[in-house]
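Below, chain A partners chain B and then partners chain C, in two separate complexes.
Coming up: the complex of A and B.
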């Protein structure tokens, strides 16, 4: 313990550097594991692929012009021998979504069920394709219908297969899933489902944005950073290899030259993209909402990257057929392989045991600092006991001085969480802004006001802060942050890690005795809001679409509005986590800096 | 001192009332950490419904409360929330008064010892001043009422709160010196959940000490009082059980309550050590391991009673803690009861070795329970092993906490007799080892 106290700062710095190095090392191929199919039922069975062709996409296109997609779809599905049902839903967004230009949403989901001829109908698989008016996902709907026609004539289905065409992408999926499982967590209005299959085992979502497909991208990141079982990714990869289809993850092809610098950078970029996408906690495809219901799901997105090599629809059909047939063979839910992983490429993965140490090293810093403070707090107390119990006296006021900033910080957090959406009407009345801007700007305003608020009120309430006061406060805040980050990292590793990387250095080193202006600047630059800003820039850099500062700022604002919308519509937890916990925790450290 | 206590009670009741009215109440009452099959409110309601239909509440495998409990709620089911709040209030006040009494006794003893010069000269700093002892009863009440564990337990309407009230009243009566009431309440507590049986030893030791009867097996006065107290205890236990029989007209409740506690048929995960083991175990070893696990609770009574026979109140604390760690269906309400005693031992602070580690572990575990539960049950990405790992860690923290206090208590007593700065024979500074 003595050693830990004496060498505290160097150990902390070493830990931080080690964490970063460890994390970057994860992308290095020798440190990763090969993905292997772990599920027996999907491993060695032979699947003979014949494939569906003749994609009837003309109908979709023509009926879209007349605006009667759902009626046409019902007919088309019925003519292919499915049990067809429709479901209508409506939802008023808390404020207009400017990215997708929607406010009052009304839509219809069409789904057809192919009943399993070979088994009791207790289990089901879902193939879904989003289709909205004006959307260019016709290819996928056409392929879906072709698959339905082909599947109808086969006899080996042991699970019901549900073909779902959902309108308004995620909102349609959300309405359908909630109706299927008889829940309503987000206040969406929808009509009940008329027909249903068994419990859904797995789902695939299909997005083909153009007529020409050169490669297929697999999307795994779901709501709140949840990932499907790794076997689903393995399955996709195995079939891509078999059929000779170019497959990517995060839009990045795989490279074989891991021992060169470019190869490593490529893998690191792929992994960073995954981390950033996962950290933002939104669902990156329709599959993301399935994961919440314990259904393994992934999205397959066709990409036209103007390569020479092209994949025709029949090949994609064969690929899907193969995947569905393997899933059809499942005897139990996918559970053999990993649920916590990062993918530097499709054939390599990093498991939880490998990446957790990187995060652990960061949290250890917080604990070490807390231990250090504890020892410092304890030492004078012990000395004071000898002259009759002076140590006991300050404990009363100390609790109060700690409690005040904690309560005030959290009240600010609650304000940040509640006010933006509730105050939008007032803001629109008084300022020349649209509703969406009003919400985002209110959030930014409250965030900034929070910086001025806590230490002023604290000074007003309890006068001069004592030396012991801030140490107790810092101890509390450090432990609080450590527990908070730990819990976050368990649910969403990437979010926890990104927050830890930016928050740990300032929180570990913050004392009231540092030069105020400089450290205040550093603190603000490493605050949660700026973390989001950096993530926006890094993300744009990684997808090779760099943005200027002003564009970046606009993107930042839209990310905030999307975050709030995701929370309201789908129950994403990132916004409440940041507003109610991380931000108040950061404010506590801000408070320490200005401890008088 | 009545004013702060009243204020504290008002604050505590307000918090609970607000939570009862919020949407959280339902969520909390579903948490496995807060309610166990033994004391879940849902099951009480089920039992009441069966009783109203004229069916024995113990038919089926849902209801495991004692007959007294169901008849109590038969009359006050509409005021259940108030009953639970009152129970918490009673517990807090009882603890407050008992610790006040205990502190008075301790101070008086210390004064006598000081006057007769029994303490070594360098131990004066270990003595306790009335000033620091003044707020301890209030702190104890505060630790109980404002402990998040207690609040959760109360909002979930876990009947654990009522059991805690009975145990707290038992402690109060014991410390006030009423052998009759103490015996009756101990019987009632035993009747409720069996495990408080182990509190018989500390209560007996306390009365013996109070009446200046030495613990000597050859003395007739010792046997006389022991038999007297045991008679009160066993007598009231028999009476209570008999009454239950007449209330229900059948012995159904014996297997359904006590059999359920001992044989652990319900393996719903909780914060205890039982569920995972018995879910994993081969069926034919079950009986053996049940014996091993259950003996844990009772076994420590004997060595602890011998070691702490001069300090029965501390022994009560140790016993309650051991019960809450090793019982078959523990909930956070049980943990809250022994944690309320911690301020009473605040003078041991300087001898505690692991308090920082322990508080970190307990804090982290409390936060991780719901997270891992979510990952296991809802997200499906983690599994029971993750949850059990946290359970193990939580219990490890508790055991460390209790043993740390035990060591600190013994060490202080040792210093009080042998002086604070111990020297080895060769003059170097000595360290104490717990043996």
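Coming up: the complex of A and C.
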């Protein structure tokens, strides 16, 4: 104990550095594991691929011109021998989505079910393709129909296959999934489904943006950082290898030169991209919404990166056929492989056991500091052993002095969570801004106001902040932060880690006796909002599209509006987590800095 | 055929004292609206005897299979219905089947009211039947057996209503295949050697969209006066062939294409052997070759239908029964239709939704809904709601028997009035139980099955049903006795459910067991070794250097090293 209190600061610094080094080491290939198929039913069975050939995308295009996609799709699916159903949905967004330019959304999902012969409708697979107005995903819808036609004539299906063409990308998927499971989490209005296929075992989403495809990108990050079982990624990789298709993850091809600096940087960049994408907690493809329902899902996105090597639609058809057939062979849900992992490349993964120590080292700092404080708080009490009653007397006001800042910072958090969306009309009336801008700027304003608010709170009550007062408050705040980050990291490692990297140094070292102006500046620069800003810049850097400061600022604002929208539309938890818990916690430390 | 006929007569003459028995066989082919072909075989053996009479032991069997007869008399069975199905009957596409059955295996038995230990008899009976039909019926035990109070009434003679003598069980997971078909075929008097059973080639029968085989045994009246009892054994086999996959887009079929066999003769033991082809929907649009002059009409499932009849006992039929073409027409929606699904997500709670459709334009009718849910889904019966047209629909009769953990399942029976042209939704919430680790199946992540719920109803008929009992009615229209002219009996099964329960990671205990075993083996091994080994003090000879040193020391006269 003596050692821990005496060497507390050096141990903390060592822990922090070790955590960063450990994390960066994860991308180094000798430290990672090679992926291999764990599921027996998908591993050794041979699948002979024949593939769908003709891709009827002309029909999609022409029907889009006349604006009757759903009727055309119903006919096209019916003529391929599927049971076809439609579902209409509508939703008014809390405020206009400027990225996708929509506010009042009304759409129709069309889905056809290929009934497996002699199967009792207990299990199903889903292949989906988003079909939005415009030319964007025609290729995928065409491929979907071609697959349906080919699959219909095969006899080996053991699970029903649902071909879903969803309008308005994620919103359509959300409406369909909610109707399929008869839940309503987000207040979407939809018509009930007429046909079902039992419990869905796996889903694939297909996005082919252009006619020329040079490589396929696999997208795994789902809502709230959920990931599908690693076997799904393995399956995709195995078939890409077999068919000689270039496959990427996070848009990055795999490199073989892990022992060179470039090779390592490449792997680290890929992993960082995954961490950033996972941390933001949004669904990066239609598959992301399936994960909530315990349906393993991934998106396959065709990319035209202007290479010489081109992949034709028939090869992609064969790839999908292979994947669906292997999934059809499944006897149990995918459960053999990992659910928590990071991928520095498609063939290498970092399992939860490897990356958790990096986070653990960061949280240990908080606990060590808390222990240190606890010892310091206990020491005077021990010294005054006789005056037990006297030692207990100040604990009454101490609780109150701790409680007031806690309550006030949480009320600020609640305001940050509720007000932006609810005050938008008022803001639009009084200021010359659009609704979206109003929401985002209100959020920023409340965030900034929160900094000014709680300076004097404890003085109102107890008059003078005591030395013990801030220590108790800091002890509470440290433990609170440790629990918060720990819980976050269990669900979404990346979010927990990114928050811990920025929050831990300032929170661990914060005392009221530091130079106010400098430490206030450092604290603001490492606050949750600035963390988001840095993430935006790093992300742009990693996807090789660097932005200037003003562009970055605009992106930052749109990220905030997207975060609020994701919460309202799909139930993403990052915005409430930041507003209701992380930000108030940070405010408590801000309060300590201005303790007097 | 002609050469065999005298032999049959001869056999008849030899056994004048035996009770009269009779065998009929029949095949109905019905082109479905979805473009598929529905083929339904029915074989009926009638025997004017009574197994259950006291003191009289029936030992002389002719057409009736002896294996079943012995079972009936040993276990005092009054009525026995067993079905094995692979696949789900798609009511919305195919209409009503002649005899419905749920996916998997279903068994329901009425015992004679003299039986004292019904559960014991039931247990033994399921084991015997599982041997006869090569099926896993021995998995039926008290945890999946229920006693429905209203849904399953005896179909034969006698109006026993005390449901203590009824046992009902389903095995939704049962997979039906060739090994179940062979013993089923062996129950036929001609086996698969002659008659319609020649067509039952398993390779083709199991290459279909739906396959169902059943055995129904019940007592019926011998004649219209109903003075004495006869036993009826009906064996049915229903298949739906998918023309889309096999026909390369052409809506054309023949017996040979479907079964890879043609008919050559009737079963010589059969008193009647007929093939019916349903031509109601488009009598002039398809061409049947050879054409038949015989047209029959039958009222079945509330609809008057026209059939071309081929009598196999007449020689002129065997020209060739071959290809015919037909076209599609829009179908009428089936009047009664039901489906079921699990709502919600997560592994803690869920909700079972059963949706029943009444598609009749103006008539309301009551249905009996029966649900049997395994105990590991703990139903919250207070959350039971029945809504029709978004209004609360109060069932007029509810029979609910709560489950006992590890002993018996939930049983819920309700009589619900369905308003005309409506959708009625029955929902009930449940919580998923945590099983003991030995109770999980070998593949726990596959999920656990909940058997189909059963909707039984008297559906208003569009045409008058025939209530009188005549012998020359086709078999497929005479299975369920019709009591009124204005309605007919229908039973609809919903799809079974697959529910995931919270499942531990079983590889973890496995690893622990492996590790423990290794540790125990190594630990025990060395400990045992230590205990049983006899130790001897070994006088080590000192090493050479020491001996040399001692030699020198002895010469020098200093004390020696030890």
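FYI, the second predicted complex is superposed on the first by the 589 of 596 C-alpha atoms of A that agree within 3 Å, B and C clash if a C-alpha of one lies under 4 Å from a C-alpha of the other, contacts with A are read in each partner's own complex, and residues count from 1 in each chain.
Throughout what follows, a contact is a pair of C-beta atoms (placed from the backbone, for glycine too) under 8 Å apart; a residue touches a chain by one contact, two chains touch by 3 or more.
Note that this is a predicted model, so its numbers are computed, not measured.
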| item | value |
| --- | --- |
| Touching partner for A:182 - first (chain B), second (chain C), both, neither | second |
| First (chain B), second (chain C), both or neither touched by A:568 | neither |
| Touching partner for A:371 - first (chain B), second (chain C), both, neither | first |
| Chain B versus chain C as contact partner of A:115, first or second or both or neither | second |
| Touched partner set for A:487, first chain B, second chain C, both or neither | first |
| First, second, both or neither for A:479, with chain B first and chain C second | first |
| First, second, both or neither for A:524, with chain B first and chain C second | neither |
| Partner chain in contact with A:294 - chain B first, chain C second, else both or neither | both |
| Intersection of the chain A residues that touch chain B with those that touch chain C | 292, 294, 333, 335 |
| Interface residues, chain C side, partner chain A - complex | 86-88, 90, 92-93, 103-104, 172, 206-211, 242, 244-245, 339, 341-347, 351, 353, 443-447, 449, 495-500, 503 |
| List of chain A residues in touch with chain B within their complex | 226-227, 291-292, 294, 333, 335, 339-340, 367, 370-371, 374, 382, 385-386, 388-389, 392, 479, 482-484, 486-487, 490-491 |
| In the complex, chain A residues that touch chain C | 81, 83, 115, 117-123, 152-155, 181-183, 196, 198-199, 292-294, 331-333, 335 |
| In the complex, chain B residues that touch chain A | 125, 129, 131-132, 350, 356, 360, 363-364, 367-368, 371-372, 374-375, 378-382 |
